[in-house]
Amino acid sequence: EELNALIWCDHADPELLEPFEKAHDVRVNVKEYEGTAAGLTILQQSRPGDWDVMVIDAVDVARAVEQGYLAPLPDGAVSTADYFPQVVLADHNSVDGKTYAVTEKFGYNTLAYNKAKVDPKDMESLATLWSGKYDGRIAVYDYYLPVLGLVGLAEGIDTANLDAAALEKLRDPLMKLKAASKQVSDVVASQTALATGEVDVLIGGGEWLTAVLHSENPDLDWTIPKEGGLLWAQSIGMVEGTQKPELAIEFIKYITSPEGQARLATSSCYWGMPANKAAGDALSEDEKAVLRWSDQADYLARAQLYPVPDAQTDSAMQDLWTDMLQN
Amino acid sequence: MTAEVQIRSVSHRFQSFTALEGIDLEIAAGEFIVLLGPSGCGKTTLLSIIGGFLTPSEGEIVIGGRDMTRVAPKDRPTTTMFQDYALFPHMNLRDNVAFGLRMRGVGRKARHDRALEMLEMVGLSAFAARKPHALSGGQRQRVALARALAVEPDVLLLDEPLGALDLKLRRQMQDELKNIQRKVGTTFIHVTHDQEEAMAIADRIVVMNRGHIEHFGTPEDVYLRPRTLFSADFMGEMNRIPVRRDGGNSVSPLGPLPLDLGEGLLCLRPENIGFEGSFSLGRARLQEAAFFGTHHRCHFVPLNAPDLTLTVNLPQGAHPAPGAEVELFGRDPVLLSEDGR
Amino acid sequence: MRTLSWVYLGAIFTFILLPVVVLVIFSFQDGRLPVPPFKGATLKWYAKILADRDLMEALVNSLMVAVLSSLVAVTLGFLAASGLARTVLPGSALMRGLLIAPMTVSYLIIGLGLLQMFNQVGIRPSLLATGIGHVVINLPLCFAIVYAAIGEHQKSALQAARDLGAREWQVLWHIAAPMLAPSLAAAFFLSFTFSWDEFIIAFLLTRFDVTLPVEIWSMLRSGLSPATNAVGSLVFLVSVAVVVTLELTLFRKGSK
Amino acid sequence: MSIERIEKRQGATLVAPALLWTLVFFVLPFLAMALMSLSHLEGRSVVSGPDLRNYAKIFTEPSLLKGIAVSLEITALVTVISVALAWPLAWIIATRIPVRWRRLALLLAVLPFWTSYVVRSYSWALVLGEKGVVMNALVGLGMLSEPVQIMATRSATVIGFVHFFVMLLTLTIYSNLIQLSPNYARAAEDLGASRWQVIRLVILPLTLPGVVTGAFLTFVLCIGDYITPQILGGNNELTLPQLIMLQLGRRGDYPMASALSLVLMLIVTLAYLACARWLKMERV
Amino acid sequence: MTAEVQIRSVSHRFQSFTALEGIDLEIAAGEFIVLLGPSGCGKTTLLSIIGGFLTPSEGEIVIGGRDMTRVAPKDRPTTTMFQDYALFPHMNLRDNVAFGLRMRGVGRKARHDRALEMLEMVGLSAFAARKPHALSGGQRQRVALARALAVEPDVLLLDEPLGALDLKLRRQMQDELKNIQRKVGTTFIHVTHDQEEAMAIADRIVVMNRGHIEHFGTPEDVYLRPRTLFSADFMGEMNRIPVRRDGGNSVSPLGPLPLDLGEGLLCLRPENIGFEGSFSLGRARLQEAAFFGTHHRCHFVPLNAPDLTLTVNLPQGAHPAPGAEVELFGRDPVLLSEDGR
């Protein structure tokens, strides 16, 4: 039997999938995608039954539901009782009172840096990036939502208020940021640059980027500056039209179980906080230290959710982002 | 094993270009016919029409009494031997020769026996297991012949089979070809543009030019009694002397000639002029001579006509000295009309 | 001029071989990052990739797609070349042009076009779809190679076979294919290489049954690792071994 | 029926499968894409056209226009540099290296062909990084006081491309050179030309068709490539293929991706027409 | 404009293979020399050594009195005309012909004038602006000649310049080549393996075989008085009759011959046997005859030696009938020893 999952790269780790596959004697086929729009396009081009589960940005669950791609989860299928309360995100994961997805992992897009080369005090404010002190040593993570969100925070705009009008205010600082930075790059290139010392600061980075490198280079660190950071949270849901709802639910249960959560948190592609607190028991102290387990209360209080743009704003954001890349 | 071929008012056009025009030929069974003519005159086209690779625009081909005009090559009692031999490089000689029989469904044993027999005939049975690339040009030519004959065609078509061989080998293969044809009795239609080759092997020669037949006759006929200026020239070098009739005598720039000819060009081959002959050409001065082995090739300027040059082949023994003035005589005169017909 | 030649040769060979050498060396890196300093040699990355189920599956997929699509491309190319070399068909030039045309179009465009068409007719991305795309890109190549190999000599051999009574399929099977074997082999070999190495079409047209380049791409996207070096080196060493073997056996014979 | 007709019918039968394949899987998709490019994305769904909004956007939106410019610049640079590097290499192998070492030299010159294409770009990333081998060596040797940035710049993209195309062009130019009668060079030399004159006045012009064919192939492959700029160039400036993939990956905007693809194809077609005179595509 | 060439005990080895062995030649200024020999005998090698493309393993080359053994081609007073002509396909005829002058720094106007003059000489001035591919084979050959002569070499080296032409054109170009050589007076060294060509144009012929010289002499010498069996055979067909000495007479399988010869092979060319001659060969039966235009090619079997066949070219006029028994006579006998020396 097979389970087809549309996922992000952290779910491709065999260490995560194998226990489930063994337990249920199935094979999990995974397809990675990049960005919600691309994921939804894949679903649009598929036929019912092609996919069983999907990993998606918690803030985009509604968008997927609106287009009819997600099926409601049976009541009580997944318990969020042990979750960090801030990441249950019931408003986002349910529509019209029906739950369509459940949060499984979260973390922060904020500042990652090399503490051997950077004064950690400087990292306490986003403004440092525009101060000129680190010109040429900054990398920008190439994903428009979190970085625009961060630039917004630096400008004093909450992510929730990021609309077309607000966006225009970001153009200038964004271009300045680009001018000050050495590169705008995807995960690997950013990681490499930070790890090899080509850059010292990464805006948009966080534990998901530095954690895997921790054993290699303990100097890599991250923080949430005083302006705040962005909370990313990914949810998992069942795809509408699946022929194997039971198996899909089982998979979602596995992922949200303490054991699954622990494996997902330390997945080879990137690390992140498990949504389920109970996973803490399955994680080693070292792992928890790298994840900053004990700081979560503070961090969660200061972080804001990703912006949730409408189609128009989203398009405008991407145009702005492309302009920045091409500048 | 042999058949007569009739070609009845065949014409062929490629798009707007007329490659053959009103060709009529009656070839007897067992004849060795050579199609001779300059490049582009339509020899290959005619051969392809007989072999069935082309359908003529007009006219018909009758082989052994049956109309074959629209029959595919493989269903005709003809086989073609191609200029480049077209041996199959990946098969050994035996399989090459046996190929036609295999296609006819002859069993393995029978066809191999027959192939070896054919190879025996061309003296190559010892090489039966070799591949064609391990053979010399002349040997390949023989294999091609064996392959074509293995299927016992009534008519064998050969498109410049000796074209790729060097002179010496060519002369040798001519003899062989002629011998084999005598032995098997098949009608051979052979294309060449080498008139020596044509004369050496043909029973009859078809001289072609620009898509039509200029002359069809035995080698002697064609060489000694050409019908047209073209065929006269094509068969070998020719001196041309314009003559007019004046009373009972013929008058030429060389002076009056003791011949009873009409109006036209008196044609004399270089070897038919010399210090003796049937009629005098008057005195001439030797301008230049070169030794060509079997003869000396000389240029004479007639004293009466300093604008003319006569090319004369004098036999080896003669030792003419440039500048000498001698009387020249002619033999075997042919008169052709100016317009070439 | 002589010394200049050697200096140039040395420089350009360094340039050409440098990345491969670095790739191979750091596949043995005993550390998390395949960049200097070299921290000592280990084979663990090789062990890791050999044990990687997805990678090995991708390898098998790649082999399958490459072999099958090359076979189809060579067959179609061979038939088309035989047909076009045989007679002047009306519109021959146009047909040749059409058959060659995909060669001048970027793979990305071919992949994108196929993706959209497949979407419209409801064919799902799969290895089959990828294989179809690979035939599209390799067909022109196979056609061109075989077509160029059919010279006057081949043509007359085919004529001779027909004259001796062979039917059309017999001509193709007994004469044309064996005679053109070297070019067919070359066409197959090249097609195989291109298909084996092709990324963008496979990327667009597969789902979870991915080919090796796509799998490597996702490895790359999950971080810098000597494991990637190990995969690259392994593929490289195996290919070189195959090429050298071919060079020493097949092509040696042909080249003399 | 005449023999020629039968021949033609059989010929046509043989060509048909390949032709059909090309029509169904090349021409048809192309038409589908052309059609798609005439619709546009509104909000999150495709509104079928026909309209020219995408094209209008391409030619007004600076970031897209710049993508075209970047692609053209990189491709031109790569083509010129590759030819300039490959010609002497091919020439040296064809004329200076003893016959029995020639095949080996050639094999060595194209050895990296056999690494996986994706890996080839990746290995350049390892080499060119600030901590990579090259910078390490240069700084270690004291030739640079500080590593300079090559990775994630246009230089890295160009180097990666040049590496690949030098190999490709060396092959095409070599096969061209080796087919030339040695008598051309001898005749020129015999008539008094110096080595350089022989190359400049005789050999170089004679290899022009091979060079142009190779350069055109380089152009096609280079301008349509996504991997190399993506891995080596970073996202500091985007080429046309990167923009196309961006439309797909981030926005799911198929109409725009199609329109950009058609623009890419138009550029290649123009390049083809520009050098059609010397091209022998059937002999590649 | 012309110079003598001395080749002094030149040998050449390619790795272990000896291509030339102890070649000595004295060529006078203005001579037309032909190197003749079968494929692979070393003609091209010798020409390359004279032209400077190869340095001989041993020996020296002296041109116009100066030792040139180690001088580069461009600094020698020689130019070479290559078999494939090596015309530069990207230059028009004028630029091709002017190339050598351009390399010598001659100004544009002057060299173009000179090129046109040379093209005029070979009758191609009207085509000066054409590219080589727009010419026929014969025309290309003339351009190559013009190009080689434009730089006024003392010695012109020609490697099978006529090899690619068909027979008729070839004969015509031979005459032209000879005329041009007379006009310019340059020493020509010309390679061929066609003995007719050699005899037609050479002042003296060098017959080569396996890297050494078999015979060096005028065409008459070489044809009529060959020094070796090889050169006898190579120059044309030859009947060989073994003879022994018996008292004052020579004895052969045909019976005693009224000749005073030594022991060896009596060599007679087919045209030197006939119904008259200087000595009798006894009676023979005509087995087979074919008309060859200028002669009948006949095979006779001597009555005394039924195993021998004599090939005899009888003149056109004769009409032999197969089966007839006639007495044959010989002329110009040559005796060569069995071992070929």
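Points to keep in mind about this one:
Going in written order, the chains are labelled A, B, C, D and E, and every chain counts its residues from 1.
Definition applied: contacts are C-beta pairs under 8 Å (C-beta built on N, C-alpha and C of every residue); 3 or more make two chains touch, one makes a residue touch a chain.
All values derive from a computational prediction rather than experimental measurement.
Listed by label, the chains touching chain C and chain D alike are A, B. By the document's definition of touch, common neighbours of chain B and chain C comprise D.
Looking at contacts between chains, the pair that accounts for the most C-beta pairs is C-D.
Across the assembly, the mean Cα position most removed from that of chain B is the one of A. Chain centres here are means of the Cα atoms, and by that rule the chain farthest away from chain E is A. Taking the mean of the C-alpha atoms as each chain's centre, chain A and chain D sit 37 Å apart.
Averaged C-alpha coordinates give centres for chain C and chain E that are 54 Å from one another. For the pair chain B and chain E, the distance between C-alpha centroids works out to 27 Å. Spacing of chain A relative to chain E, judged by their CA centroids, is 89 angstrom. Counting partner chains per residue, chain D has residues 4, 129, 131, 248, 254 touching two or more of them.
Shown for chain B are the residues in touch with two or more other chains, namely 52-53, 72-73.
Taken residue by residue, chain A touches two or more other chains at 186, 192, 196, whereas all remaining positions touch fewer. Contact between chains, using the touch rule, shows up for A-C, A-D, B-C, B-D, B-E, C-D, D-E. Contact residues of chain C toward chain A in the complex are 31-33, 35, 52-54, 119, 122, 124, 207-208, 218, 220-224. Chain E makes touch with chain D in their complex at residues 51-53, 72-74, 78-80, 82-84, 86, 88-90, 99-100, 103-104, 147, 151. Against chain E, in their complex, chain B makes its touches with residues 39, 166-167, 193-196, 199-201, 219-220, 223-224, 235-236, 269, 271-272, 290-295, 297, 313, 315-317, 331-332. Across the complex, chain D is touched by residues 34-35, 37-38, 40-41, 44, 63, 67, 142, 144, 182-186, 189, 192-193, 196-198, 311-312, 315, 318-319, 322-323, 325-326 of chain A.
Across the complex, chain E is touched by residues 181, 183-184, 186-194, 197, 201-202, 205-206, 208 of chain D.
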